[in-house]
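Note that chain A is present in both complexes that follow, paired respectively with chain B and with chain C.
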Partner chain A sequence: MKENPAPSLEYILHEFDQCVDLIHRKFPLLAADILYFDHLIDKNELEREILQPFANVQADEMGPLLSGSPFNASFNSKEIVLGILKGDAAIFHDSCVYLVALYGPSNRSIEQSETETVIIGPHDAFTESAFTNLSLIRRKLRSSHLKVIQLSVGEVVKSDVFVLFIEGIVNMEYVNEMIKRIRDIEVDIISDSNMLVQHIDDYPNTIFPLFLTTERPDVIVSKLSGGRLVVIMDESPSVISGPTSLFEFFMSPDDYYQHWVIGTATRILRYIAFVITITFTAIYVSITTYHYEMIPENLLYTLIESRSRVPFPPVFEALLMEITIELLREAGARLPSKIGQTIGIVGGIVIGQAAVQAGLTSNILIIAVALSAIASFVIPSYVMSASIRFVRFFLIILAGIWGNFGLMIGISVIVIHLTKLTSLGSSYITPIAPLKVNDWRDIFIRGPFWMLKDRPSQSRTRNKVRNKMKR
Partner chain B sequence: MKERLYASHITLLVFMIQTGVTALSLARSAAMYFGTNGWISILILGGVASVNIMLIGIVNRMCGGESVFAVMAKSLPRFVTIPIYLVFTVYLALIGCMVGKQYIHIFQLIAFPTASTFMLKACFDLMVIFLVTKGIYNIGKAATVFSILILWMVFLLFAFSNDFEFDRMSPFVFKQGHHMLRGAVDMFAAFAGYELILFVMPYADKSKKWIRSVQTGNLMTTLTYFSFVFISFGFFSLDQLKIMLYPLLDMLAYIQLPFVERLENLLFSFLLFTVVITVGMYIWSACESAQQVFPKANRNVMVVFIVFVSFLISILPDTLFQLELVLKYLTYGETAFSFGFPLFLILLLMIQKRSEVKARA
Partner chain C sequence: MRDLQLKRFVWLLVILGVVVSQTGCARSQRILEKLAINHTLGYDLDDDKQLYVTAAIINQGEGGSEVKQELISTEADSSKEAKIKLSRQTSRSIVNGQIRNTMYSIDVAREGIRKLIENLVRDPSISPRVKITIVNGSVKELLESKFPDHPNTSQYVDHLLQKNWKNQNIPQVNVYQFARDYLEDGVDPVAPVVRKKGDSVVVDGLGLFRDDKYVGKLSPDYNMLFAMTRGKYRQGEIYIKLDQEKLDGSVMLGTVSSDKKFNVRRKRNGGFIVELFLQVKGDIMEYSGKVPLDNPKDIRVIENGISAYISGKIEKMVNIMQEKRSDNVGLGKQVRNRLSYAEWKRLNWEKVYPEVTFRCIVHTKIKSSGEILEIPPQSSEK
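Let's turn to the complex of A and B:
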């Protein structure tokens, strides 16, 4: 059979051979046939747009009926196949084919995000439907300047991808670069935006996320108004925003819904949590292995008493407990929430207590490891939190080998690695390098709104001012 | 989206290249060579470095931000420039590797008496390769992040506010010192490194702020050294300072927090950030020079080769004493280079300008 022959019922039926879920309805009196997938269409729409009009016309009235809306004539077999797969009904009449958009499968309703919860502020989250997600954004951002470009990815299975930006605010260089990267993807199937993001990364081998993914519409709206662009993928609740800097992963919408003093304090707390997560266990290993002189005398007795029964060097002790914590976290994440809680209790209390009593580990290490783990969950982005936890192991091993020197070597390597990274070609460590002190008031603190006058410099927007108020 | 080295990058890069382990013994040198109120010498040396930077500024203005190699190539034949570039490469790489080795030796002295310097230095050099292969823009960015990670240490000086005594100062200036001139040259090593900025000129943002940012970097270094040395003069007596190997480390050892003490150990580790930038910039400059001799050579391979050879050379000095002696002579040459090379370039540029005028006439 030819690759793309003239559209005919036989060809389309051949294409969908052995697809029992394809519905084929025949209307012999009207000389018409309809093909569609029952589970992809809205049945009320089918009734209203096709079945009722067909019931009220004679065979000779079919021509005028099909020439109007919502019937779109199609002359391309591939387009018809794709249309049926996307939830259209294909009507075959008199060697012509018409497509009617009836897409309306049952979707998950708009719910609260489980991975990005906030205490105050809107609670709605994106769903798997791109159109629902677009509607959530449009409802919050009612502007004709919000533009949406549709693309598709996947060679075998085409998935819809939408690029969103605010005209006049976004730097079009970023938009063009993003469109180019999406068009350049040559993969059979991409089923989620978290997979898509790995195909458009500037550096695919880094463990740090180079684009922000979120399930929250309010975050996306703030990114769009800040001059960033957004990518929505159909069938994925995660929405991509870029260009991104490392520090954006430490921001939460909560910071803006609370008073700026509280927002600032919380943000600083997150940076402290970041430092604790990365270094706390490594410092414990470094000090207890090589630098006992750094511990004050009073604390030294407690530490020595605590470590006296432990037969392993601190680095093994720390790695053992860190891996245990990771096992507990992973088990908790894979299990239903009620059993997950039990795992937490069994792991946290029983194993922790038993490990100390058995002399496998010291009390102080348990505190250090638990504190590092808790601190890692303070970081709002799960993806960034996972990256940071991974980096921690690297530092613990280096601290075990060379103490403080190893720790600093590790930190230096991470910093050098970060300097190389870019997101859509812009520095990942903006606003530290390039140094943009003006941006610091919305990065390291959450300044009062009168202070947040300009859009982030990373957006490279021409329309810099976002707030003209004096206070 | 082409990257540039902005003024802020240049400032912090100069600050990071200059600042190094020499700062630890600066108070001792000031006390030994200049005697009473030796801290004033820091301001004088900072001023001398500033004058030298003005010379570099003149070079930059005359050549319009062009590469120094291009300036030399215009006036000198290749058979003359090639040996000069080779000498630059060897000399700069040598200084870089010795500075790195000095840091490793001191670290070993205070924290790891039994560890192998060979392994520590190998690890350090791997990091230098990792940095230099990223290119000058990323070195500039790394210098910015590292400087933020160490600048907070200046606030530690407030910890000595109770122990600082003006009684330890003297109304006499530069008494009880000896070999002041030789000492000044020795101490000038603490400021050296800014001359590498000559090689950075073509990569910098083409603005008039360029030389101002180099001066600001030098000012930052001078003020940082000044504050440490001044506090040391008020914290220790002159005679104590003269016999202390690293007064700054001894001073930091006095800081005690409820949960940690002997902070000098940890704080010295932070100096790794500045040393890696210093060494990285020397190796990068050596590569820039070598690239003129071997223009088609792969840059990353060249970096690995230079670091590897300099690593082998750095094995030779066994003790910290030997190493500091080698470094002392190397920095004499570097001081001569930092003044002589800009003057030489100014001379070349003047000749080029004159011949251009003649050609036009």
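Let's turn to the complex of A and C:
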């Protein structure tokens, strides 16, 4: 069989052999056949665009009718098959084929994001439909400079991928690199943008996310205007932005909607939470195992008392509790929210009280573990929060082996690792590693708007100034 | 590229595994509840002039009972031998990293405590901030005694010293400062003396050392004055009995601050005159005398009275030290600062010191005398 034979009804029907959900409508009077999937199209559209015009014409008027809108002639079998799969109706008439876009299955409506909530500011979030997502972005970013490039990934299933950027602000090298990476993907199927990210990132073996994924249009709009590019994938509510630095994962749109002092305070709080998550349990382990000298006198008594009933060394004690907390979290995430509350109570009472009374753990460890778990949820990005919760285990084990020395080794390894990482070829810890002190006022603090004059340096934009106001 | 990374990662795991197994990680562990944590070390002399070491240990009973202080003691030739002997008496390993206080009975201190301090300095796990305290009486007896309001005796004594040092009732004396004063030319160390008194422990004064040997003690009245001669003095309180003509009653000065300056002059016959200029400032907190406080002129009378009192006391204090031939105020340091190195080396300070004339000139300033100057006596007619 030829690679791409001339389109014919027989061939297309043969392609869709054994597809009972394909509808084949015949109009013998008009010598026309229509093929479509009933569940992919909008029935009203079909009525208005095809059935009514067909009922009102004679056989000899078909030619002029089909030459007009919305009928698009197609001469490529592959395109026709893809079109039908995308929700088009294919009209076969007189050895010509015409496609009519009738896509219309209902989407999830625009709702609030479950993973990234804000207190004030817009509450809408992306949905699974790429076009809804595009409309959400266009509504917030009314500019003809916002360009959209369509690509597709997947060998078996072609998923639509859109690369968005603002012409004149973005550095085109990033766009070209991104397009090249997406085109290079040769996988049978990619079903979500979080999978796509793992195919296009610079270091597939790192546990840190190298691209920001978000469900919030306002975040995406600010990334676009900051000179970054954005990738939308159809059928996925997460939208990718890049190039990304580590510190972007600690920002929340709330920082900008609130007064800058409050925004700065919350941002600093998040960095403190980051340090607590990574090190707190590990410090407990290293101090109780090796460095009894470091304990303040008043704490010493209570610490000895609570430790004295525990039969395990501190490392095992800590790992036990950390794994329990992770179990609780994972169970809570998988269960329906009504049962999830039960998990909270079981976890809170059973783990908190009974474990101490049974002498399995010390109550100071419970505080340490709970605090670092809570601190990990302060980080706005779920992906990043999962990463640093994983890193914590690595540090706890090192602290159990070498004490504070091991802790320092672990932290050094993390810092070295972070220094190596790149996102789209730009350094992952940008305002620190290529030292850009100018950027710090929008990274470590949320400076007042009069201070935020320039776009982030990681965007490598030529159009640096974003704020020309004198004050 | 990815294969290489994976290979490197596997190697890293192998190396880590080897390192972990080689370090024998369990051996160096010091898990908190398996330690007998030394809190206070006490040194006594027993009847045969043997060193008798008592350690107050933070210890919890088996199976999670309340954390208590446990006392173990042994005879030993040195403090390190004592550690070995002590460890025979406990189920946990003794560690020194949390030592707060070392206590020496007067008998031990009279013999000289250089060797004992040396051991404290040498051990890196012992902080240089460990306190040095002299006990009037037996250390073991003090540590053994139960004070009803303070279940943990060693901690009680430690906190007592800490508080008194914060209030500047006693100078802060720790291993570092003691060793520095001991090694420095022209100044001798001091250490606070405590004593058991009924149901509590009291600061019994200031122990004076000549080199590392205890030679005597100052009564607690001098604590404040000694602090004034040693350094800047802030936020203290001082109670003064005035007994000159015209002046009577007593004054309590609050928020006292002082500043000092030494001046050294040579006598014609080769001796030295050391003058101490002291600036004392304070508020009157309490006054029981008859001088009306609303007149600046009368305030000056009180100021002069206070000055005379302080200077007299300080001169007396230095005289006591000179009798004991211990230079705890550091007059030698002041003299040394005025001399060249060769001159100082030629000088036999030990001999010269008792002959030094010391003068103290005090200038007192009363900053305020309270909000209500005087409550008028109630008239009986109304």
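In this section, the second predicted complex is superposed on the first by the 470 of 471 C-alpha atoms of A that agree within 3 Å, B and C clash if a C-alpha of one lies under 4 Å from a C-alpha of the other, contacts with A are read in each partner's own complex, and residues count from 1 in each chain.
We take it that a contact is a pair of C-beta atoms (placed from the backbone, for glycine too) under 8 Å apart; a residue touches a chain by one contact, two chains touch by 3 or more.
For clarity, every value in this text was computed on a predicted model and none was experimentally measured.
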Partner chain(s) touched by A:T419 [first = chain B, second = chain C, both, neither]: first
Chain B versus chain C as contact partner of A:W402, first or second or both or neither: both
First (chain B), second (chain C), both or neither touched by A:Q198: neither
Which superposed partner A:Y290 touches (first chain B, second chain C, both, neither): both
Chain B versus chain C as contact partner of A:S457, first or second or both or neither: neither
Which superposed partner A:N363 touches (first chain B, second chain C, both, neither): neither
Contacts of A:T132 with chain B and chain C, given as first, second, both or neither: neither
Touching partner for A:L435 - first (chain B), second (chain C), both, neither: first
Intersection of chain A interface sets (partners chain B, chain C): 290, 293, 295, 402
Residue numbers on chain A that touch chain B, as the complex places them: 173, 290-291, 293-296, 299, 402-405, 407-409, 411-413, 415-416, 418-420, 425-427, 429, 432-435
Residue numbers on chain C that touch chain A, as the complex places them: 2, 5-6, 9, 20, 23, 25, 28-33, 35, 37, 58, 60, 63-67, 95, 97-98, 100, 125, 127, 155
Residues of chain B touching chain A in the complex: 1, 3, 6, 8-9, 12, 107, 111-112, 115, 120, 123-124, 127, 130-131, 134, 138, 140-142, 144-146, 148-149, 256, 258-263, 265-266, 269-270, 272-273, 276
Interfacial residue positions of chain A with respect to chain C in the complex: 204-205, 287-290, 292-293, 295, 297, 300-305, 307-310, 313-314, 359, 400-402
